[in-house]
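Got a structure for you, questions after.
Naming follows writing order (A, B and C), and every chain is counted from residue 1.
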Amino acid sequence: MTPPARLRVRSVVIHAVLFVVLAIWMVPQVYMLSIGLRTPAQAFDASLFTWPVTFDNFAMVVRDNPLGGIFLNSLIVTVATVAIVVAVSSLFAFACAVLRLKGSLLLYTTLLTTLMVPLASMVLPLAILLKNFGWVNTYIGLILPYAALGVPFAMVILKSFMEDAPRELFEAARVDGCNAWQTYWHVALPLVRPALVFVTIWQFIVTWNEFFLALIVLTRSEMKTLTIIPMQYSGLYMANPGALFAVLTLIALPLILLYVLVQRAFVRGLLAGAVKG
Amino acid sequence: MRKMLFLATTILAATLSAASAQADQKEVTVWSWFVQSTMEKSIAAFEKAHPDIKVKYTYYNYSPEYITALKAAAASGSLPDVIGLQPGSLTQQYREHLEAVNERAAKEWGENWAEKIFPVNRKQMRMGNPAGDDNYYIVPQESQVLCIWYNRKIFETLNIAVPKTYEELKTAAKTLTDNGYIPMFQGAADGWQNENVFLMLANQFSPGIVDKAQAGETPWTAPELVEAMKAWKGLFDDNIFQQGALGAHAYPTGAQLFAQGRVGMMALGSWWMQESKFPPPLSEYVQNMDGFDFFHMPPVKEGNETSPPVGGIDIGYGLTRNGGQNPAAWTFLAELTNGVGLQEALNDLNDLPAFEGHAPKGDITDHVKELSARFMEDLPRAENQRFASPAVAEALDNALAGVAAGSIEPEAALAAVQAATEKVLAAQ
Amino acid sequence: MVSAMRAEVMQAGQAGAIAGRRAGSGASRLYLFTLPATLLFVVFVAYPILWVAGQSFYTRSGSGETSFAGFANYAVVLGEPTFWIVVRNMALWGLITIPVQMLIGGLLAYFIERHTIVFRGFFRTMFFLPVVTSVSVISLVWVQIYAPYYGIAQEYLKHVGIVMATSPIGDPKTAIYALIVVNIWQWTGFSMLMYIAGIANLPGEVLDAARVDGARGWRLAVHVIVPMLAPATKSLLLLGVIGTLQTFPIVHLMTGGGPNRASEVFGTFIFKQSFVLGDTGSGAALSVIVLIIALALSLLQIVALGARLTPAGKERQ
């Protein structure tokens, strides 16, 4: 066999294997979508697909619910949290990994450790704190704790990517007369762009799906974020799981769209790295 | 920039104060796990009767959402005016944050108000109170009676009669299984449904024995309870419950399959009737409860009687200390538990009333009326369903799951429940 | 050769850092970089943890008074057999989940990034979908998949001669493993994404140099790419440990820690103690114990993997 032909065969095999793995991997996902497309009578049928499919569930949940308002609440909270987390954690990671400030490692370890405490134990003190600040039923009361809990996570990733970045670039920046802030802005951030994208996606998902804190901070129905919908609707649509699954599919859609859009940034990150390197 | 911010704040503050000045309406905040669509009807009826009061309801799933939100709000002093409660352990956890309702209730309904509540409910209202505390911290809204529902259309098609003996129950289960139905759906991953079936069994061996055991008057290792535990295991071994029951949940899976006619029997309670009032589309079985009827657990051992009804408060409400400052809160609580609010819940067939003298009205078929009347007959003689201590309930849940899984013997499992009970009693 | 080159780069980096420190004449001003994170941390993490630690020394009697209890809560918690079940389950959870996710995620990332072009975006998206799916849906779906008799797995497995008699989550012996499978399924896309970011971050010149050296295919993958993905691997390890200790919703929704506490994890145990049983004191004591375990684990990681403030870790490869 000629080398190009061998390559082609290999490529076909790899694709075939990937598709088979994906098919198995997707079973629960397909099942979820399929339940959303079922009538109540078929909802828990023991099969992956049922026929005929119905779009009634989707039509019903869109018609019956003020999804727009809830969606907006979620968006405000999530975007603000992501912005704070990315800014704050990249600053800190820069201090740890590039500036190597004395004591920053100690701080880093502390932040990291406390991140491992289950959220269930933090709920009570956070509730007291937010009540004292008068932040119950405010966006800020949700955004800042989310950010605080998200920063260490993001920091771990950014720190390790910054450490791995070619150090001569930071050195060059210094020789060029950049101060620390300029180095951070013009050198460090562009260098770790894939990691920044990753952190953004991650924080967006976590915040979008979080419900434990959301339900103690936002106690008024009109303040609710999308995350609380699963519980609202498992009560409302007890007799119709299809509708519940339809709502949940709709909630996941923005996340999927976001992901599809930004995952391309990885490719661009790769190209940028190649040019600089 | 700062000026702009200042300006914005001023405008915002002005708008807010204008809004609050305009709203001379009194507001009541309520949290519960009570079905949202039904609660909305109760609130609408209440607001019509009291146009000056606005009710804000927040729905939570019971676990983990509701109990987390409640605990966090209690710790930070931000409980709403009225909270949904279960008698016993949940009420006791929040007792310090609740107003005793005795005086308000006496003023509202007369000195003898408590006597208008069915006895099993009345007993549960004080369950777990410290010695000497005769106050009531919960006003029951609805009662329930546990039972075994069966799909009478399937039973008819397969020519199965309502089981009168354990053998007949086994035969019924076998016939159902052979014809591709789930015999009796048990969501044995949920502690509550296991407790319910065990209470049916235990009260069959000796009525009231679980109450005595949780009060420390009879050991959990008493022969009757051991027998009941063995009978519990038997329901799994004799294939009366579906295969793999231990990994299953009653809601939404079991209820859904039952409603759609895939299941022959299911141990639930009087609240099952509410399915017929859920938003459409409804199955032919659920429509007007046409497909369903109920029986009590037949004698599982020779010499036993059919299980007595077991039940009590389905849901009650408490007036928080915050709500004590808000006169409108009590007005709502009273109407919700024994007034226009309750009537709406009953019309939705949500469950049975806790106070005497109420019945569902509106669009209800004779079959549902008959079911409802039979439950109401059972209610006055029902055995207690509730536990005073969450630790004892938790220990029993674990014992039931362990025995069902075959990982622990009935005697040893009950000894663990006894140990938990002794620990709780010693702490008091 | 490659590693030698890396080492050189790292040495240069260290010099740069030292220079940087000297250059920042107002060194204290550089601490402004750490200020926002520290502030957030102190208010929303440190204070709550101190509050919890305080609570762990108090107990409430049946009649509602709070009194100082010393280490009584700790003694109670450590004396509970359930605690040791939880420790075992958490160890299993971490030891199985983390490496399996890394392996599957890494393989997927490698093949998708280096061997697909047209379908790259498609694969990246599809494998990532479980991560963005709400955990309440995932739990419902998997309970249904695991169900014997009326579930969907048995429906297809019986065609290949496998009969499911019980639900894997209903058997105390298998429940924890069944949950781990769901967890791996949900989060592998995350590991994949991390490795994709890592591969995207690989300096092109190093790969080129390796290729000139004659490293190709598996040799390139194992000897060049894997070591260079170390930062991603280390991050995943760390995040895996965090995720393990934070496990809650999947277990709560699927088994509630049962049957008979066989699948209890720290999250559900703490939740039961403080919210279901209303015992804030022992719930707090448990939280502090988790904190201590977490501290030990992070120190272990820093010691074992190197704090990455020295290039030594790299040179060994």
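A few remarks follow.
The rule is short, and it goes like this: a contact is a pair of C-beta atoms (placed from the backbone, for glycine too) under 8 Å apart; a residue touches a chain by one contact, two chains touch by 3 or more.
Small disclaimer: the values here were computed from a predicted structure and weren't measured.
Of the two chain pairs examined here, B-C and A-C, it is A-C that is joined by more C-beta pairs in contact. Placing every chain at the mean of its C-alpha atoms, the farthest one from chain A is found to be B. Distance between chain B and chain C, defined via averaged C-alpha coordinates, is recorded as 38 Å. Between the CA-based centres of chain A and chain C the separation comes to 15 Å, rounded to the whole angstrom. Of all residues in chain A, those touching 2 or more other chains are 44, 120, 124, 126, 128, 231, 234, 241, listed in ascending order.
Multi-chain contact residues of chain C (touching two or more other chains) are listed as 140, 144, 150-151, 271, 274-275. Multi-chain contact residues of chain B (touching two or more other chains): 64, 68, 71, 252-253, 257, 262. Contacts from chain A toward chain C in the complex involve residues 10-11, 14-15, 17-18, 21-22, 25-29, 31-32, 35, 44, 46-48, 87-89, 91-92, 94-95, 97-101, 104-105, 107, 109-122, 124-126, 128-129, 144-145, 147-149, 151-153, 155-157, 159-161, 163-164, 166-168, 170-171, 174, 179-180, 183-184, 192, 194-195, 197-198, 201-202, 205, 209, 230-231, 234, 241, 245, 248, 251-252, 255-256, 259-260, 263-264, 266-267, 269-270, 273-274, 277. For chain B in complex with chain C, the residues that touch the partner chain are 63-64, 67-68, 71, 89, 93, 95-96, 130, 182, 188-191, 242-249, 252-253, 257, 262, 390-391, 394, 397-399, 401-402, 404-405, 407-408, 427-428. Listed in rising order, the residues of chain B touching chain A in the complex are 31, 33, 35-37, 56-61, 64-65, 68-69, 71-73, 75-78, 80, 251-253, 255-257, 259-260, 262, 275, 278-279, 281-283, 286. Contacts from chain C toward chain A in the complex involve residues 9-10, 12-17, 19-21, 23-24, 27, 30-31, 33-34, 36-38, 40-41, 43-49, 51-52, 108, 111-112, 115-116, 119, 121, 123-138, 140-142, 144-145, 150-152, 154-156, 185, 190, 193-194, 196-197, 199-205, 230-232, 234-235, 238-239, 241-242, 245-246, 248, 266-267, 270-271, 274-275, 280, 283-284, 286-287, 290-291, 293-295, 297-299, 302, 307-309.
Those residues of chain C that touch chain B in the complex are listed here as 61-64, 140, 143-144, 146-151, 164-173, 175, 252, 254-256, 258-262, 271-272, 274-278.
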